[in-house]
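The structure appears right after this line, and notes come after that.
Naming follows writing order (A, B, C and D), and every chain is counted from residue 1.
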Amino acid sequence: MTALQEAVPRDAAAPVSGRREALHFALRNGKLLAGAGVVLVLLLLGLIGPLTIDAPPNEYVGPPMQAPSSEYWFGTTTFGQDVFAQFVYGLRTTFAAGLLGGVVASLIGMVVGFLAGFRGGLLDEILNMLTNIVLVIPTLAVLLIINAYLGIRSVVAQAIFIGLTSWPWAARAIRAQTFSLRGRDFVDLARLSGSNTWKIITREIAPNMSSYLLLTFILLFGNSILIASSLDFIGLGPTEGVSLGLMLQNASQWSAMQLGMWWWFIPPGAGITAIVGALYVANVGLDEVFNPKLRET
Amino acid sequence: MMLRLDNVTKVYKVGAFGGKTLTAVDGVSFDVPEGQVVSLIGESGSGKSTLGKMILGLVPVTAGSITLDGAPVRPGKEYYRHVQGVFQDPFSTFNPVFKADRVFQLIREAYFPAATAADWDERVRAALRDVRLDPDQVIGKYPHQLSGGQLQRVLIARALLLDLKLLVADEITSMLDASTRIDVLNLLAEIKGRGLGVLYITHDLSLGNYLAERTVVLRHGTVVEMGATDRVFGRPLHPYTRQLLSAVPRLHAPWEDAEPVTSCLYHDGGATGGLAEAGEDHFVACARLEGCLEERLGGRSGGRLEGRLKGR
Amino acid sequence: MVYGLTFVVAVTVDWMIPRFMPGDPVAGMVARANVSQPAAVEAMRQYYTGLFGFDQPLWRQYLNFWTALLHGDFGISIWVFPTPVSDVIMGAVPYTLGLMIPSVLLSWVVGNRLGAYAARRRLLDNTVLPVGYVLTAMPYMWLAVLLAWGLGVIAGVFPIAGGYSFSMQPNWSAEFLLDLLHHWALPFASLFLVALGGWAIGMRNMIIYELESDYSTYLAALGAPQRLIRRYAFRNAVLPQITGLALQLGVLVAGALVTEIVFSYPGLGSLILKAIQNQDFFLLQGTFMFIVLGVLAANFIIDIVYVVVDPRTRAGMAGAQA
Amino acid sequence: MSLRVSDLKVHYRTLRGDVRALDGVSFELGDAEILGLAGESGCGKTTLGKSLIRMDGRMRHVGGTVELDGTELPIGDDRRMNDFRFHEVSLVPQYSMSALNPTRKIGKMVGELLRSRGVTPDTAKLLGRLDAVGLPHEVLDRYPIELSGGMKQRMVMVISTLLDPSLLIADEVTSALDVSTQKAVARALAGFRDNGFVKSMIFITHDISLTYQIADTIMVMYAGRLAEKAPARTIVEAPRHPYTRMLIDSLPEVGVRHADRRLSGIAGSPPSLLDPPAGCRFRDRCPLAFDRCAEEPPAAEIAPDHFVACWKA
């Protein structure tokens, strides 16, 4: 890297801005495009699909145990529910749970990470301890207890609790990044320009790691989807409505597997895998866009 | 204007929960008068950068005092109106995601919110011209599109926008090429003519010698020798200064060996009381100064020394 | 230190939740327990009231909770009333451990090898990487369902439910052990596969980073063979993976729980499902405490292993930091 | 003649095109000679050093040859070049502080490295070399983290020269060091040559004053080309290339004061090597430039062992 920098004199004749350069590579990064494409298609399906379906997803609309046909694209359940209808509604819920859980976890992770990394000292040690405690406790087990007792049955509450327990690694990562940025001279220069801590974090450090924050958020997003579907599967999901995880639970509970009703349990699992996998792949692509070191020449 | 350091000490806490301590700066006293360049010379671990950061209020002082015109350092907007710094690595001083001229924008927001856009633009351009930059070549560029020398000048221009009394220049040329660094140094010499003091922190003796009226040599957090530059470098007394001088690679003269530092009693653990005056504007930390001088200079000047203890 | 604190926090959460939830916990629980015999209802009511000890001050309740806990007393199960919760859990733990320990360790070892092998080898990299991403993105239960359906229902090679055949009684005969193994295979495989993907990807990225490090470059400049450079890189890349193992434990436990549910495997996961379905909160709480303890213990062991394996921490401990 | 480099061209592949980091450099290096390679960032000195031992993935050998002790080095062929590395050509890198595997004891690592190159470790020789640089024998039983920066630097010097290579490339080895350590390291390197641990050496640095202290010959590069090459004294005292002259004049010596004599730098900056202009590359910054500079000046030998690439030399 140093050799290359040395060999390439900083070229004043080629004013390619950082952002435009990122866009340039983003549009040429196959992984990013493919990943983002899959997520977008599924998101649109989840947003638009329900509008085309008249009956609520759990309504018994047709004959039971139908294999996929032109009428029921994904077939029907043991009770005659339309699996496709459940799938598109489930996508909605799953996206909502992932997004909300990801946002909550990112926010907590950012606050803890920025404060611990930037202020250091005793605050850092206390926050670090807190992070480690939440990190070590098995998330699912805590959620089990909380959900079981408090009887959380709405998607929003479920997502918030997921967010409240899945922030620690994000906080750790952001803390490490902040810590290394804090030592940069531009932080000192901002101080010498009369900026206070809040202003330095929001206007110097956060913009500098915006790409990193985006990557963190995407991973938390995918993570929340996986946790939410596990909770649903155990039977601690939202009681009303439908989600991909609940579909899996129903399929498993009513022996879809033994009855050979593959159309009942394949779509929801494939949907989750596709969303989370696409998020991961897009994440790798984004990383390559932001981090020139990873761009293969 | 006068910056005064009096017995400044910095102790860092290291280890988990601050279990151990590390004394980075230990009882340092010197002045930076207006219109002068003072160079602070030391190797890595000498505490020179910590001193710079303490003067800039970026690191709190453990003991002793730093005063500007008699008033103690109070980091904040008012203090930074008069005291500014330029750092070693220009590419780290600029936030890489923003354009380079954002450093001016920050100054405007904090100190000149009332200035009109046109007025401010003219002021920035004038400051850039003062540091021999073509404003059109700098404004609107990202840091990576400018050279290290250009960036350091931008930072000096930024400081000049304020009502500056003291500039702390911490190793500002060490990342620059030989052919560009000398012009940045010349710039420092020029701006002192505006009546402000410059503290030039460096590990490079020849650069300090070129630029500064006064020199402070630092070792392991304490001053070993200080005074007028021509005396400190023209007639170095402390063995450490002599060793440093002999290690500097010169053109036209091959390396010669100086007596190793350990040959001095002081470094064998002999206690010292502080800095002794060895001549006009020349102070040395050496308890055996008189004896040493007589041995070295053959009694030519040693006898006239008062050996008066200063400081602690 | 952290582990101790974590334990305290976990216990406190466990204690707090039933106490501060809205409504009367005893009445709610007895009502939800839905037990028909009046004698059982009365026994439970008395038991709950005594256990929660609402007549005592809060700090006293908290202290009692700890005392009971330290005596291994998690209360009495409702689902299989009146068996003590600790006995129910102890019956399930061997199955969960038998499933988790081999799958976690094996997936870690194989995943690391695979990732290291794939790194910087274009062809392999192009297959291992996508497969790895798909595997980590899969919900555990879905892969379990797929395996059960494919290999169990369609191919009929493996049983898809239970820890052993209904027709058998647990004993030490070879026949029973084989049957056990037969039932164990699919849950093991699904846990192993999902975890494998994550380790392989992590190792691949880590190795690439190490291969670009200064010591690798130096060795290459001195003409050292790729084999030596890769061996060094692997050793150094494994260290962060050990930490990764500790961080992933929570996720792995969650994966094991849902996998067990899919296969009705008689471990803690199935226990949790039963507890939830039967509103057996003591069992749920007990299982929770047990999982937390297990994860903490595993973390502790990993920490010790790390210190033993990494010469830098060893050197640092000897106080020889240069 | 130990090393003969003829018209060497090495380019860097970048997204914007090829950067001609090394664009036709020729020189010779005699037995027991220390060549100081000096120049500013981007002049191609590090690229030259890397080309002689191991090019990184982005570098491409475009033209020219390198001959060591009469054998042509296959510098563009990573695999065939391996036979020469360590045995014939060796390197003390810029990153000596992090060049040792952090999780291996140093002695064990050295043994494994030697055996991997088909050499039986010679303990007596290794210990002798440690003595020569003043390292205690115990370092072999330590991990790199237990050594100070200076010790690591010396350890790397010992490892790199263990097979008595014909050519040692020392790339900016002293730039991160304090002046007193710098002096010790530079002298130790010169001692390696004096003791015959290495036959000849290329000492790469941006600091001409430092090169002058230990090099027999100094070669000054500018924008991927050779500007001037001459015995060290000549470069410092009677430089002929305008770039060398201005560069030397910009160096403040101990004793030179701003108040007495104002030095000045070189205005402007080197050309982009992505698409360098034809002719002399210093033309735009040169006060002596005239029409003919639009043609590329050859490196002419204007006096014995004194090469200058300038029409006005």
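Operating definition for what follows: a residue touches a chain if its C-beta (ideal position, glycine included) is under 8 Å from a C-beta of that chain, and two chains touch if they have at least 3 such contacts.
Chain identities (UniProt): A = Peptide/nickel transport system permease protein; B, D = Peptide/nickel transport system ATP-binding protein.
Computed from a predicted structure; not experimentally measured.
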Chain ID, smallest distance between chain and overall C-alpha centroids: A
Chain pair with the greatest number of C-beta contact pairs: A-C
CA centroid of subunit A to CA centroid of subunit B, Å: 49
Centroid distance [mean C-alpha coordinates] between subunit C and subunit A, Å: 22
Euclidean distance of C-alpha centroids - subunit B vs subunit C, Å: 58
Overlap residues in subunit A, where contacts from two or more other chains coincide: 11, 14
Per-residue overlap in subunit B, given as positions that touch at least 2 other chains: 147
Multi-partner residues of subunit C (at least 2 other chains): none
Contact footprint of subunit D on subunit B as seen in their complex: 43-44, 147, 177-183, 185-186, 189, 203, 205-207, 209-211, 229-230, 233, 243-245, 247-252, 254-255
Residues of subunit A touching subunit C in the complex: 129, 132-133, 135-142, 144-146, 148-150, 169, 222, 226-227, 229-230, 233-236, 245, 248, 251-252, 257-258, 260, 262, 265-266, 268-270, 272-281, 284
Subunit A partner contacts - residues on subunit B that touch it in the complex: 17, 53, 56-58, 75-77, 80, 84-85, 87-89, 92-98, 103, 106-107, 109-111, 137, 141-142, 144-147, 155
Complex interface listing, subunit C residues touching subunit A: 2-3, 5-6, 9-10, 13-14, 17-18, 21, 133-134, 136-143, 145-146, 148-149, 152-154, 160, 247, 249-251, 253-255, 257-258, 261-262, 272-273, 275-277, 281, 284-285, 287-288, 291-292, 295-296, 299
Subunit C-facing residues of subunit D, complex: 53-54, 81-87, 90-91, 93, 95, 98-105, 112-113, 116-117, 142-143, 145-148, 151, 156, 159-160
